[in-house]
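Next, two complexes with chain A in common: one pairs it with chain B, the other with chain C.
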Partner chain A sequence: MNVIEINQLTKYYGKHRGIENVSFSVEEGEIFGFIGPNGSGKSTTIRALLSLIHPTSGSATIWGRDCIKYGSELRRDIGYLPSEVFYYEHMKVIEVLNYSASFYDNVDYTRIQTLADVMDLDLNKRIDDLSYGNKKKVGIVQGLLHEPKLIILDEPTGGLDPLMQQKFFDLIRTENKKGATVLFSSHILSEVQKLCGRVAIIKDGTIVKIENIRDMQKHNYKKFTLEYKGLIDVHHFNLEGITNLTLNENTLHFLFKGDINRIVARLQDQALLNLLVEEPSLEEIFMHYYQKED
Partner chain B sequence: MNILKQELRMGRKSLIIWCLSLAGILMLFMLLYPSISSQLEDFQKVFKSFPIEFQQALGVVNLQLDSILSYYQFPFTYILLAGAVQAMNMGVAVISSEVREKTGDFLFVKPVTRNRIVSMKILAVLVQILITNAFVFATALILVTILSTKPYNVGLFVLITCSLLFIQIFFASLGLFISAFLRRIRTVLPISMGVVFIFYIIFLLNETLKDEKLGLISPFGYFDLSELSKTMNYDSLYLLLWFVLVGLFVFLTFRLFARKDLPSI
Partner chain C sequence: MNVFKKEMKANVTSLIIWCCAQVFIIYAGMMKYQGFADSNVDMSKLMAGFPKEIMLIFGVGSVDLTKVAGFYSVFFLYFMLLAAIHAVMFGAVAVSREERDHCADFLYTKPIRRFQIIMPKLIAGVINILIFNMVTFGASVFFISLHNNGDGLFSQVSVTMLALFILQLFFLALGAMFGAVLKNTKLATSVSGACILGFFLVSVAVDLYDKLAFLEIITPFKYFEGSTLMIDEQLSFPSAVILLIVSLILFTLTFFAFNKRDLKT
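Moving on to the complex of A and B:
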């Protein structure tokens, strides 16, 4: 069964494009990634799902019911964590969380303490005394305290240190195992790869591709930068799987997809000054998708 | 009810400050009354020496300083002015603050309809206005009772003092409408001060011009205190107009806000 169904959703802010004909669906129980660079329309799509904005055309349903029309009822079972969190500055953390909980029926108030312990959050501090990362933790507890059946995360990891990110991912996985469906938006490919089963890739307001993470990992791209002492024999890297090869004085850049050992074999006996192997940026991956279309 | 409670909590401090300031202004002016009334004739002379337009603008044409209530009108005009600013501040800020403080992404994803949020916020403003009025009424009653040397017209006192309630409700609803109409409000005070003073200046202007159509524009004219002491009642046409306008502003607030897009952070 599909939890979220988005159909030809379009949003214009005046003449400015938000999203155009976005369609995808999220199945019950999955962790669905939603990935794209900044300004590509991730937040616009999510805000339409939460009826914070009204779509220009198209529709979105959650559990088969229209997001705008039945928004308030649907939101009972939705937990949302925005990319930037802001709360009533003069309140204490616990007051904000209790206020949040007061909107839902049958909230287990001990869960606030449990979640705060996991995320290492001091409940008695005032919101305006919190650092960015700690505000984010308030957001996490606030988004999960009513045990939502659908969790919508909009670039949730910003401001969290790696340890907290790990704990947060564990929390999300636990909720997912208990049956929650998750929509996870991000511009960082690696974190989506860690968590999600399927991803939708959005760029310039339109969905470029919807793919299984496993399939994506099959074309696991690596970005190589080689710095040479002397002259470079470009033909040395005339290999299958190498793309975007560029030569810049004595530095060589290329993307490689395939068995990494083949490159390692080629690198032997090379007079290298430096070697960098990196995850390609999202932009570079997108370039690849566009090239495939051409 | 949780939204109402939250709003009242957040407005508590500013409500206390406003109440104390309004009562303070009133007290300051009213305590001058004994010394003024002892030099009554001199004051009358001073006012009478002003040009008639100036007298009209100051609202002292029919000033009979021998009665405490006709003196009371004079400071109460400033209470109306300040109260209008307070009410309009609340009206403009109550919804727009969620956008300005960026807490909209918290409140508007909760399982409540927009209409419910708007009604709770309007209710919160109304409660605060009622508290302000109760406080001002009590202070005024005590002051007038203590300071008056002769019995005074209680009916007129109530009419004058309650005009604050009408003025505040008017400006609060106007503020709500403006906040629903504008996309984003960065600062509240300039808007409310500006609007209130423009209306007040129109009212003052019309005190000299006495133009009937112009009188319809400014709510301060609807509850003209110097008229009250003559007619001993609110003008029914103006009261009707007040009712229609407040209703329209509140209706449009709900209407506009239900369709509004919340700007992302």
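Moving on to the complex of A and C:
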């Protein structure tokens, strides 16, 4: 069953593009990654899901119900962590969390303390005395305290130190094991790689690809490094399936996706000093999605 | 209930300051009356010496300043201005506060509809303007009685305060509508302020040039006259009805516009 279904969702801010024809779906119980550079439309998509903004066209449903029409009912079971965490500055952490909890039915108030202990958060501090990372922790507790069935995280790890990130990931995994579906937006690939099963890549407001993260990394791409004796004819590698081609003095780097024999054929009669074929990192795979086409 | 409490709390300091300022103005004003009354100068003659235009701008038209009711009625202009600014700012800020403080993502992702947030905010606004009104009422009766042999002119002041409350309601609605329609709090408060200045200038212009009398309809400051309220003890019924209807329209617009609004982070 799909928890989130986004269908041809488009949002324009006046003439300015937000997102265009975004479609993807998130299945129940999965941790779905949503990857793209800053300004690519991740937050716009998420904010439309939460009916903070109204889409220009297209639709989005959660548990089969329209996001805008049934927004208030759907949000009962959604936990959301915004990318920019701001709260009422003059309030104490515990006051903000109690205020947040007051909007939900049957909240277990002891959970606030439990979550705060896990995230090492001082509940009696004032919001304006908190560092960015600590505000993020308030956001995490606030997003999880009502035990939501759908957790939407918009760049959640910014400002958290590695230890806290680890604790946070553990927390998300625990919630996921308990049955929560997670939509995890980020521009940092390693964290998506750690946590997510499937991933949608968004660039300039449109979805470029939706893939299983393991397949993408293991089966499709190879990273080639070729060291030459003399001049390199770059055009020699003008092949389909080659991306991220860079020339560095006598060394040529590229990613290749496809039948490896085609590269081997090209390499014949080439004056090579060295040849390296490696598994690319996800960062490198994503680079060519990120680069703007001119 | 939680949103209402939050909004009341957020405004408690500003309400206290507004009320203190109001009490002080009434106190200082009535002290001046004491000075007037004690000086034994023929006020009517003295006043006749001033150009009519100047007197009109300060709200001193044809009333008899040597009578306490007449003197007090001049204040109505200042009450209107102060109360209007207070109400319009409340409306504009209350509706757009979360976006200004960047916590719209916090409040509007809670499982309630937008009108369930705007409604308690506006009710908090009505309570705030009512408290402001009551404080003005109390202070007025108290200070008038000090200078009027213990007679606080209770019924005259009541009528005046009722008129003031209707105006406050109108300005709360106006501010809220700007808060819901305009891009941000800053713009909403600026436009609201400009509106009040505009209304005031029109009301002065109407007083100065008889030919402009037709403009009376566009400025709420001309809907009630201090002297009619304080001396004749009469509240213009058509004015009250028009203002209430317009307020209702503005509140409705606020709800519709806010529902359609794309909230900023």
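Just so we're on the same page, the second predicted complex is superposed on the first by the 218 of 294 C-alpha atoms of A that agree within 3 Å, B and C clash if a C-alpha of one lies under 4 Å from a C-alpha of the other, contacts with A are read in each partner's own complex, and residues count from 1 in each chain.
Everything that follows uses one rule, which is that a residue touches a chain if its C-beta (ideal position, glycine included) is under 8 Å from a C-beta of that chain, and two chains touch if they have at least 3 such contacts.
Since this is a predicted model, take the numbers as computed values, not measurements.
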Superposed partners chain B and chain C on chain A - clash or fit: clash
Chain B versus chain C as contact partner of A:H235, first or second or both or neither: neither
Partner chain(s) touched by A:Y104 [first = chain B, second = chain C, both, neither]: both
First (chain B), second (chain C), both or neither touched by A:K177: neither
Contacts on chain A seen with chain B and repeated with chain C across the two complexes: 13, 43, 47, 50, 52-54, 71-76, 78, 80, 82-84, 86-89, 99-100, 102-104, 142
Residue numbers on chain B that touch chain A, as the complex places them: 2, 6, 10, 101-106, 108-113, 116, 259, 261-262, 264-265
Complex contacts: residues of chain A adjacent to chain B: 13, 43-44, 47, 50, 52-54, 71-76, 78, 80, 82-90, 99-100, 102-104, 142
Chain C to chain A touching residues, read off their complex: 2, 6, 10, 101-106, 108-113, 116, 260, 262-263, 265
Residues of chain A defined as touching chain C within the complex: 13, 43, 47, 50, 52-54, 71-76, 78, 80, 82-84, 86-89, 99-100, 102-104, 142
